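In the two assemblies presented below, chain A is common to both, partnered first by chain B and then by chain C.
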Partner chain A sequence: MEKTVRILNEEGLHARPAGIFVKKASEFSSVIEVRSGGVSKNGKSIMALMGLSLEKNAEITLVANGPDAEAALKALSELVEKKFQV
Partner chain B sequence: MAVFQKISSLFGKSSPTAILLGAPLSGRLVSLSEVPDEVFSAKTLGDGFAIDVSDGVVVAPFDCEVSQVFRTGHALGLMGPGGLELLIHVGIDTVKMKGEGFFPKVKVGQKLRAGDLLLEFDLERVRSQAKSCVTPIVVTNMDLVEAMEIVASGSVSRGTPVLSVRKKSQS
Partner chain C sequence: MKLLGKSASHGIVVGRARVVLSEALKIEAHLIADVEGEIRDFRAALARAKIRLEAVRDRALKTLGADKAAIFEAHLLILEDPELVDTTEHMIRERSLNALASYSHVSQAAAQLFDAMDNEYMRERAADVRDVADRVLRELAGVGVADLSELQDEVVLVCRDLAPSETAAMNPAKVLGILTDLGGKTSHTAIVARTLEIPAVLGLRHVTELVKTGDWVAFDGETGEVEINPDEPTRARYLQRQEHAKREKLELRALVGQPNLSADGIRAELVANIGSPLDLAGVLNYDAMGVGLYRTEFLFMDRLEAPSEDEQYHAYKTVLEGLAPRPVTIRTLDVGGDKPLAYLEIPKEDNPFLGYRAIRYCLEHPDLFRTQLRAMLRASVHGNLRVMFPMISSLEELLAAKEHLEAVRRDLLSKGISVADEIPVGVMIEVPSAALISDVLAQHCDFLSIGTNDLIQYTLAVDRLNDRVQHLYDPFHPGVLRLIRTTIENTRRFGKKISMCGEMGGSDLHLPLLLGMGLQEFSMAPTSILRLRRQLRGWTLAEAEQLAHEVSVQSSSRAIESVLIRARARKSVQGDLKI
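The block that comes next holds the complex of A and B.
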């Protein structure tokens, strides 16, 4: 399953949002990937996500595979849309 | 045979060895729990230590490869021995400085020895514009870590051994 969302927060996906994203992604047993510009990274790795250097307005595709994929996509896309505010 | 197995498990390649990190900056060592940013104090980004910095020079804490240089220059990702990933984040809320006052000296993929120069920054500028000069240094892939121990306290200089990390043995 996958879902495409846009990064909305001013400073893009820097350290703090990456940490918040990985914390949420790690609550799910599904394999989570984040795709951007033809690159796919492990959605449970802080360093991998920061390596995407995503700026504001960047479009990313969240990909989840596993028993809780649907719930994971819902929670993670909401997190991105809420600018990683928890 | 039993004795041999015991010895080989102590000295064999599979035995977990400690990785020692030197202080990447000079300053006063503080606990992560004292960092004024919840994502660090709650260890969401990983475990490690922080330094209330006293000058604007950052060096490699161990032999490593540069895995990431933030485009705003305020943070660096390093890949150390055995795949250990380390984030050095200069100051708190420094992302808002948009790179002004930060001068990275390395590029992604560059291989470094402990003590090599990584980054210089304008400490006075960070002091006046950022929320804090406290700089967290955290291992972001804690799933590889069996245990870690802070081996220093108080004021540290660049290179002072600060953190001992023991990796999980690989099965």
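The block that comes next holds the complex of A and C.
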């Protein structure tokens, strides 16, 4: 299953927000992918996410596959929408 | 032996050197028979590196604060990154290649991906990847990282350069000072040294070869002078200055939170000169009432293209927000042939200080200029912004610069982007012609700020960087002081604010003179604020005016300097002891 969200925080997906995202994603056993501009990256890898170089207003699609996919998508999309405030 | 390096963090230090060099790491590739054993070794190395890195993070949390410790959270995630780990294990399995060579290859490739990105921030992340990779490789090879966390005695660290994780791991209580071969004022080591208030001189090139562990070293972090194995009198002089500095620091700390008032209650603004959002901590720590000069050129240096509007906006916003409601004076780009930025295509000039620089360049490159102005105005709603134009020499230049500012403001408002209602606009007085027409300029702006470093060099026709004429560079010259007096009087006559940035603004010797001339705002290095506050509190306005009069009737620099030194001594307020 998948869900599309928009990056809202000013600095985009820099090290700090990418780190927060990866930590959250790693709590789930599902495979998590982040798709943007035709590329799909491992959502549990900070290197892969920073490599996407996503700026504010970029649209990304979160894809989750596995037993806790629904919970993972909900938690991660909320995280992005709340500008990675935890 | 005497060396001269780059001043990075102020302070006087005398102590024994501890030369710290990491053992060289050799990466050799070979085939392995026991693949599973190699993978176990790799995972064990990752686990050991993780334990050490967590210790670094915990120490950084305590000594540097959560903000700077955050980078080590990112390092931990890089360490355990599934892409790096899985790719390495895959390579070990598929190619029967040893873990050291496999991980080295994979981490290098990852770092190079960041190197290639078109975004400065991301390019800097390559250094993080290499820092983490170095830890893992050293664990794998059994070659230790220089361990700074277990220093027994107080030492002066002498090293090639310090990686972020090394500076965070060191126990600052044991580090008297830092000397390095590499690096400069804006390098990571310099910033950390200033944050921890450890004196440092960087960029000494061969100091690790010239100094041995156990040697005596004495240095001045402000001038960049370093003495290796100084003779007894030199060492005694440094020790005396060090003692004096220690006592003074304690005395000055007591002035934090006190108002900037003269003995008879006249208020002066003592504000800070900064070069980046990283200097915010110093501004707050030394209790500056705002920023009188934010030099934006550092944002433009050491890179391949100009910073984007957004990148500038973030930097300006961070400073404005961090200090609100205190005023922050941002100076527009001040570059020229002396500090060439490749992408600006300013040609090398024979005489860059009289050349194509600062406002002259900006007015001919409206895209660059307006991008910066837009970033400033967008950030203006987050604090108390003032805009200042450098190197103005005529009214026409000021009017042209103001037109750009107004056009940008109208454009932002028409797009529904908010801009602060009142943004004071000011002119830096650095060129003698500007000082002489300061009455004209004052009628077309809200404040003037005297930039003494350039004003002195232009008034006396002395190139600051030319050793042969350095002795003619003279902040007591009556001609310079007359121009300053004229500027102050002209500005106040039209009810505008008058400020000073540059070295003289932070000189405790000049403070009573300038106060007596009518200067209202003094902008200086954050570390000078408390010393000037103490000086200010010792003077009444009438005494300062009397001193200004006494100075105005002297005819030579030497006479003026001695009047000021006697005046300071009368107040028995000691300045910095000079050797």
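Note that the second predicted complex is superposed on the first by the 86 of 86 C-alpha atoms of A that agree within 3 Å, B and C clash if a C-alpha of one lies under 4 Å from a C-alpha of the other, contacts with A are read in each partner's own complex, and residues count from 1 in each chain.
The rule is short, and it goes like this: a contact is a pair of C-beta atoms (placed from the backbone, for glycine too) under 8 Å apart; a residue touches a chain by one contact, two chains touch by 3 or more.
This is a predicted model, so every value here is computed, not measured.
**Q** Could you tell me if A:Met50 is touching chain B, chain C, both of them or neither one (first, second, both, neither)?
**A** In the superposed model, A:Met50 contacts both chain B and chain C.
**Q** Where does A:Lys24 make contact in the superposed view: on chain B (first), on chain C (second), on both, or on neither?
**A** neither
**Q** Return first, second, both or neither, reflecting whether A:Asn42 touches chain B, chain C, both chains, or no partner chain.
**A** A:Asn42 contacts chain C only, not chain B.
**Q** By residue count, which of the two partners contacts chain A more extensively, chain B or chain C?
**A** The larger set of chain A residues in touch belongs to C.
**Q** I'd like to check the shared interface: which positions of chain A are touched by both chain B and chain C across the two complexes?
**A** Comparing the two interfaces on chain A, one with chain B and one with chain C, the shared residues are 11, 14-16, 19, 22-23, 45-47, 50-51, 53.
**Q** Mind listing the chain B positions that touch chain A in their complex?
**A** Those residues of chain B that touch chain A are 37, 39, 44-46, 67-68, 70-72, 75, 77, 85, 87, 89, 95-96, 140-141.
**Q** Which chain A residues qualify as touching chain C in the complex?
**A** Residues 10-11, 14-16, 19, 22-23, 42, 44-48, 50-51, 53, 55-56 of chain A touch chain C in their complex.
**Q** Would you mind writing out the residues of chain C in touch with chain A in their complex?
**A** Residues 70-71, 73-74, 77-78, 81-84, 110, 113-114, 117, 119, 121-122, 125, 128-129, 310, 314 of chain C touch chain A in their complex.
**Q** Chain B touches which residues of chain A in the complex?
**A** 11, 14-16, 18-20, 22-23, 45-47, 50-51, 53
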